[in-house]
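There are two complexes below, and they share chain A, which is joined by chain B in the first and by chain C in the second.
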Partner chain A sequence: MKNKIKKQFRWALLFFLTPVLLWLVLLIVLPQIDLFIMSFRSENDAGEMIWTVTNYLNFFQEPIYWLTFVRTAIYSILVTFLTFVIALPVAFYITKVVKPKFQGFLTLLLLLPFWVSEMVRVYGWMILLRESGVINHFLLKLGFMTQPIEMLYRDSTMVLGLVYTSILFMVVPLISVLDSLDDSLIEAAYDLGANMWSILFKIIIPHAAPGIVSGSIVVFMLTLGNYLTPNLMGGKNSLWFTEQIYNQFIASFNWNQGSAFGFLLLFLSSLVIWVGLKLSKQSLSKVVQ
Partner chain B sequence: MEIDLSAQNVTKVFKDFTAVSNVSFEVENGRFFSILGPSGCGKTTLLRMIAGLTEPSEGRIEIRGKNMIGISPNKRPVNLIFQHLALFPMMNVGENIAFGLQRRGENREKIKKKIGAILERVDLSGFNNKKVDQLSGGQKQRVAIARCLVLDPTVLLLDEPLGALDLKLREQMKVELKKLQAKVGTTFVYITHDQSEAMVMSDYVAVMNNGKFEQIDTPQNLYNKPQTPFVAQFVGDNNAWAGKIHRTEGPSAEIVTDDGSVFKTKIDRTFEPGTEVNLFLRPEAMLIQPDPSIGELNRFEVVVKSILFDGANSRLLANPVNANTEILVALPQNRQYDYIQTNDKIEIGWDKQSGICFPKNEK
Partner chain C sequence: MIRSLPQSKGYAIGFKLYVIFYFTFLFAPLLVTCVLAFNDSQFPSLPWKGLTLGWFTADLPERVGIFHDQINLDSIWVSIQVAFFVSLLSVTAGTCAAFLFEQEDFRLKQLLYFLMLAPLVIPGVILGISILMFSTTLGVYFEENWNLDVGLFRPGFWLVVLGQFSFISTLVTLVVSARLKKFDHTLEEAALNLGANRFEVIWHITLKYLRPAIIGAGAVAFLMSFENFNTTLFLVGSEATLPINLYLQVRDGSTPVINAISFLLIVGTSMAALANLYFSKKEA
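Moving on, here comes the complex of A and B:
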C-alpha cells in the first residue's frame, strides 16, 4: 500500500516536473552549452573552424572591449548604490511612517509604472528630457534659459533611467525586511542615546542587510544585463557591454566572439556578487529567502 | 529627600480621546514607584511621555528639577525597559550593553570595565559574547536592565517587563528586581496591570484608571484604606454590596443591603440616612463560624456554593441565605474548616472596622 502511494507520488512528481525540466534543459542549459562551445571556436587564416581562445584574448587586447566592460561594471555598481540610497527612505516611509491603511496603496503606486513596458517608460523619459522635450519647453517658457539643452544621451541621464527602471526591485525586498523590524528597537536605541545616524547604521541597516543584499543582487544583475535603457538614453557615447555583445551577434555576425563576451559578462556578474556577499558577510541561501 | 521625577498636570490628548488626564505626582530619589492600572488606562502613554517618546499635550515633566518638555529621548537622563525588552538581535550581550556608552563616546577601556561590572551586578558575568537568542527569558530581562543601568540614569522606567514571563519566573524576578533596586539605589518607575507585582516591589503605588490617578499611596494603605471604589475593587479581591444607609451614629453606620442583610460598618465621611452606598469587604475580613462569645460582629448565614481550593489563597464561594449575591470568603488552610462541604449552611461574621463604604454614584 505504502509502496503504491510512493510510486504514484513519484509519477506525479515527474509529471509536474517535466515541463520545468524541459524548459530548463532545452531553453537554458543546451543553448548555454552550445554558446560555450562556440566561444572557444574561431576561423583560422585558411577559413577553417578550429578550437582557440582568440575570442577571449581579443577581449583583453582590444581596449575598447575591456574598457566598456569595466565601465559597465562600475556604472552598475553605482546604479545599485543609488537605487539603495533612494529606496531605503521610501521603504522606511511606507513601513514605519505612514498609517498602515495607506501602506498597500503606496506600494501599489510604486508598482503602477511597472505595468507599462520598460520601452514605453524609457520613451516617456525621452519625451521629458530631449532637446525639444517637456522640461526644456517649460524652462524656456519660464525664462530660466535662452537656449534649450540636450539632456539625453549623457551618462547621468542613463544612470537616472537605470535607477528608475530598477528601483522597484530594491524597494520591495526593503519593505519586507523593514516590516519585520520591531519599532521598539528603534525607540530603544533612541532612548539609549542614539541619534538618527547611529540608529540608521547600527539598527536599521544591520537588520535590513539580507533585504539590502538581495535587492542589490537583483538590481545589479538587471542593470548589468540591461540593453534597452543604456542604448536609448545613453546614446552613442556611453557604450554598455550588452551593446558590444549585440554588435558581435547582429552587426558583425561574429557569434563566436559574441558568446565569449556573454560568458565574460556572466563571470563578471557572478564575481561582483560573490565579492558583495563576502563584504556584507551575508550568505546566498539567507539572502534569497 | 530629593525629588527625582515630578509630573505636573500632565495631559495627553489623542485625536478623539484623552489618554492621560491631568496627572501629577512626585517620586523621591531611590524609590520604587509603581503605576498600577488595567490595560488601556493610559499608563504606557504616561511612561512614554516621561521617556520622551511621546510629547504631552499639556503639563510639565521635571527630572531633578529640570524641565524635560521638548527634550528628545536621547538627551534625557531616563531609560526605558520596553515591554518586550527590545534587545538588539544583531548584537551580542556585550554590544547591547555597550550601545548607550558608545553613543556617549566613552573610551573603549572604560566601556569594557563598565560592562564587566554591570554584568556582575546582574549575575551574568561572562555572558559578553552570548547572542541574545541564546538567553533565557530571565537572562534577557537582566540584560535589558543592565543595558539601561550601565548608563546610570536618574530614573529607570519599566514597562511591564515581567508580562511575558511564565508565572514561576515572574515570582522570582519580582523579588530579584526589588533586591536589585535596593542594591543600585536608582529610582524605578514601574508600570504594570498586575497588582501583586506592584504591591510586592513598590514603595509607593499610583492606581490609574481612565487616564487619571485614583490614589497614590503605600501598598498597605491602598489595600487597607482605598480612597475610591475603583481602588477598593482593583487592588485585591473585594466583595461588594449595594445598599442604603439606615442610620448613622458617629463614625459608624447601619446599612441595609439590597439583598436584605443589615450590617454595621465604620464610615470615614458623613452620610445622610437614605443615601445609596456600596459596601466593600475583603474576603479575609470574614470569619467562618465565629465564636458566639465575640460580640459586636455582623453575623449572617450563607450557603456554600463551591470551594475554590488554591493553597494559601483558598476561598469559599457562597450565597447569603435568601439572596443570590455571590460572595468570596477566605478559607484558611489550617485544617480547622475541612468539614465544610458544598451546600452547607454556615455562619459568617465580620467586624465593623473592616467594612469600607462609598456613595453609590461615585465611580
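Moving on, here comes the complex of A and C:
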C-alpha cells in the first residue's frame, strides 16, 4: 500500500516536472549558454569561426560602445531615483492621507493606464510633445511663444518617458509596504515633537525599505532593457544600449558582437540587482513576493 | 501629516495639488490620443477641425479607417492568436510549476526555483536575442545533420509565442503559487483517505480551488502578451504583431488611424482590466 502511494507520488512529480524542465532548459538555460558561447566566437580573416575575445575588445576599444553603455546605466539609475521620489508622496497620500473611502478608487485609477500597451502610451507622449504637438499648440495660442519648439528627441523627454513607463512598478510595492506601517508610530513621533523630515527619514523610509528595493530593482531592469521609449522619444540621439544590440543583430547582422553586448547588459543588470539585494540584506525570492 | 493628525492648510492643499498633478501626468497622453482619434484632420494634431468617425469607418483613397485597414486588422488578429496560445501554454506550465514548487520535494528544488525566477531579472531584449540565436543554432544543426528544415526555428509566429511564454509563465507561476499556499491541505488528505488518487484529488479539489487564480493569471498573461514589444521585436517574422506594426508606422510618420487603434485598445484593455478586478474582488 505504502509502496503504491510512493509510486503515484513519483508519477505526479514527473508529470509536473516535465513541462517546467522543458520550459526552463529549452527557453532559458540553453539560450543563455548559447548567447555566452556565441559572444566568444568570431570570424577571422580567412572567414572561419574561431574562439576569441575580439567582441569584448571591440566594446572597450570603441568609445561609442562603452560610452553608450555607461550612459544607459547612469540614466537608468537616474530614472529609478526619480520614480522613487515621485512615487513616494503618491503612495503616502493614498495609504495615509486620503479618506479611506477614496483609497480603492484612487488605486484603481493608478493602475488603469498601465494595462494599456507601452506603445500607445509612448505614442500619446509623442503627439503631446512634438513640434506640431498639442502642448506646442496651446503654448502658441496662449502667446507664450512665437515659434513652436521641438520637445521630443531630447534626453529630458526620454527620461520623462522612461519614468512614465515604469512608475507603476514603484508605486505598487510602496503602497503595499506603507499600508503595513502602523499609524501610531507616526503619531508618537509627532507627539514627541519630530518634524516632517525626521519622520520621513527615521520612520517612513526605513519601514518602506523592502518595497523601495523591490520597486527599484524592477524599475531599473525595465528601464535598462527598454527599447521602445528611448528609440521613439529620444530619437537618433537617444544612444541607448539596447539599440546597439538591435543594430548589431538586425542592421549589421553581426550576431557575435550583438551577443557580447547582450551578455554585458545581462551582467550589468544582474550586478546592480545583486548589489541592491546585498545592501538591503534581502533575498530575491522574498522581493518578488 | 496623516489623517489622525492636525495638518496645516498649506500642507493639505499642496499635497492634493501634487496628487492631482500626478494623475494628470498619468492620463494626459491617453486622453489626448483618444480625443484626436475623432478629429477631422489628416494629422494627429490640433487645431480641432470638427468631429468625425472617419478614422474608424471611412474607406476613401485619402482616408482609410481602421475597420478597412487590412494591414492593421491583420496585425490585430496575429496578436490575438499569439496572446491566446501564450496564455494557454503559460497557464499550463505555470500551474504545473506551482504544484511542483509547493507540493513536491526533490533534489535541486532551490536551484530550479531560482531558474524559474530568472526571467524576471533578464531584460526582455536579452530573452529575445538568446532565443533567436538558440533556435538558429538548432536550425543549422538539424539541417546539417539530418537535412531537416524546421520552420519553427525561424523567426515567426511560433517563436514569438515561445519567447513571450518564456517569461509570462514565471508570472503565472507566482500568482498560482500564492493561492496554492493558502490551500487547506486537510481537504486533500480527506479525499485521499476516501480513496481518491492523487490526480483525482488535483482535478476535483485543488484545481477547483485554484480556478480564480488561474483565470486571473490567464487574463494577465493575455494582456501582457498582447502588448509585448521587447522580446517580440527580435523573434517576429513576416507576420507582425500589433505593437510591432504600430511601432513601424509611428517611426515612419503617423496618421490618426493610429489614434483610432489606440482608442480601441485603451477602451478594450480598460474594460478587461476592470472586469478582471471586479471578478477577483468577488472571488476574494
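Heads up, the rule we're going with is that the second predicted complex is superposed on the first by the 267 of 289 C-alpha atoms of A that agree within 3 Å, B and C clash if a C-alpha of one lies under 4 Å from a C-alpha of the other, contacts with A are read in each partner's own complex, and residues count from 1 in each chain.
In this section, a contact is a pair of C-beta atoms (placed from the backbone, for glycine too) under 8 Å apart; a residue touches a chain by one contact, two chains touch by 3 or more.
As the structure is a computational prediction, the values presented were derived from the model and not from experiment.
After superposition onto chain A, partners chain B and chain C are found to sit side by side with no clash. Of the two partner chains, chain B is the only one that A:H207 touches; chain C does not reach it. Set against each other, chain B and chain C differ in how many residues of chain A they touch, and the higher count belongs to C. When the shared chain is aligned, chain C comes close enough to touch A:P89, but chain B does not. Once the two complexes are laid over each other on the shared chain, residue contacts for A:Q147 go to neither chain B nor chain C. Looking at the shared chain after the overlay, A:L266 reaches chain C, while chain B stays out of its contact range. Of the two partner chains, chain C is the only one that A:M38 touches; chain B does not reach it. In the superposition on chain A, A:S198 makes contact with chain B only, while chain C stays out of contact range. In the superposition on chain A, A:E187 makes contact with both chain B and chain C. Superposing the two structures on chain A brings chain B to within 5 Å of chain C, judged by their nearest Cα atoms. The contact surfaces that chain B and chain C form on chain A in the two complexes overlap at residues 187, 190. Listed in rising order, the residues of chain B touching chain A in the complex are 51-53, 72-75, 79-80, 82-84, 86, 88-90, 99-100, 103-104, 147-148, 151.
Per the touch definition, chain A reaches chain C in the complex via residues 8-9, 11-13, 15-17, 19-21, 23-24, 27-32, 34-35, 38, 86, 89-90, 93, 96-99, 108-113, 115-128, 130, 132-134, 137-138, 164, 183, 186-187, 190, 196, 199, 217, 221, 224-228, 231-232, 242, 245-246, 249-250, 255, 258-259, 262, 265-266, 269-270, 273, 284-285, 288-289. Taken together, the chain A residues at the contact with chain B in this complex read 182, 184-185, 187-195, 198, 202-203, 206-207. Chain C contributes residues 1-5, 15, 18-19, 22-23, 25-30, 32-33, 36, 43-47, 92-93, 96-97, 99-100, 104, 106, 112-127, 129-134, 137, 162-163, 165-166, 169, 174, 178, 197-199, 202, 223, 226-227, 229-230, 233-234, 242-243, 246-247, 250-251, 254, 258-259, 262, 265-266, 269-270, 272-274, 277 to its touches with chain A in the complex.
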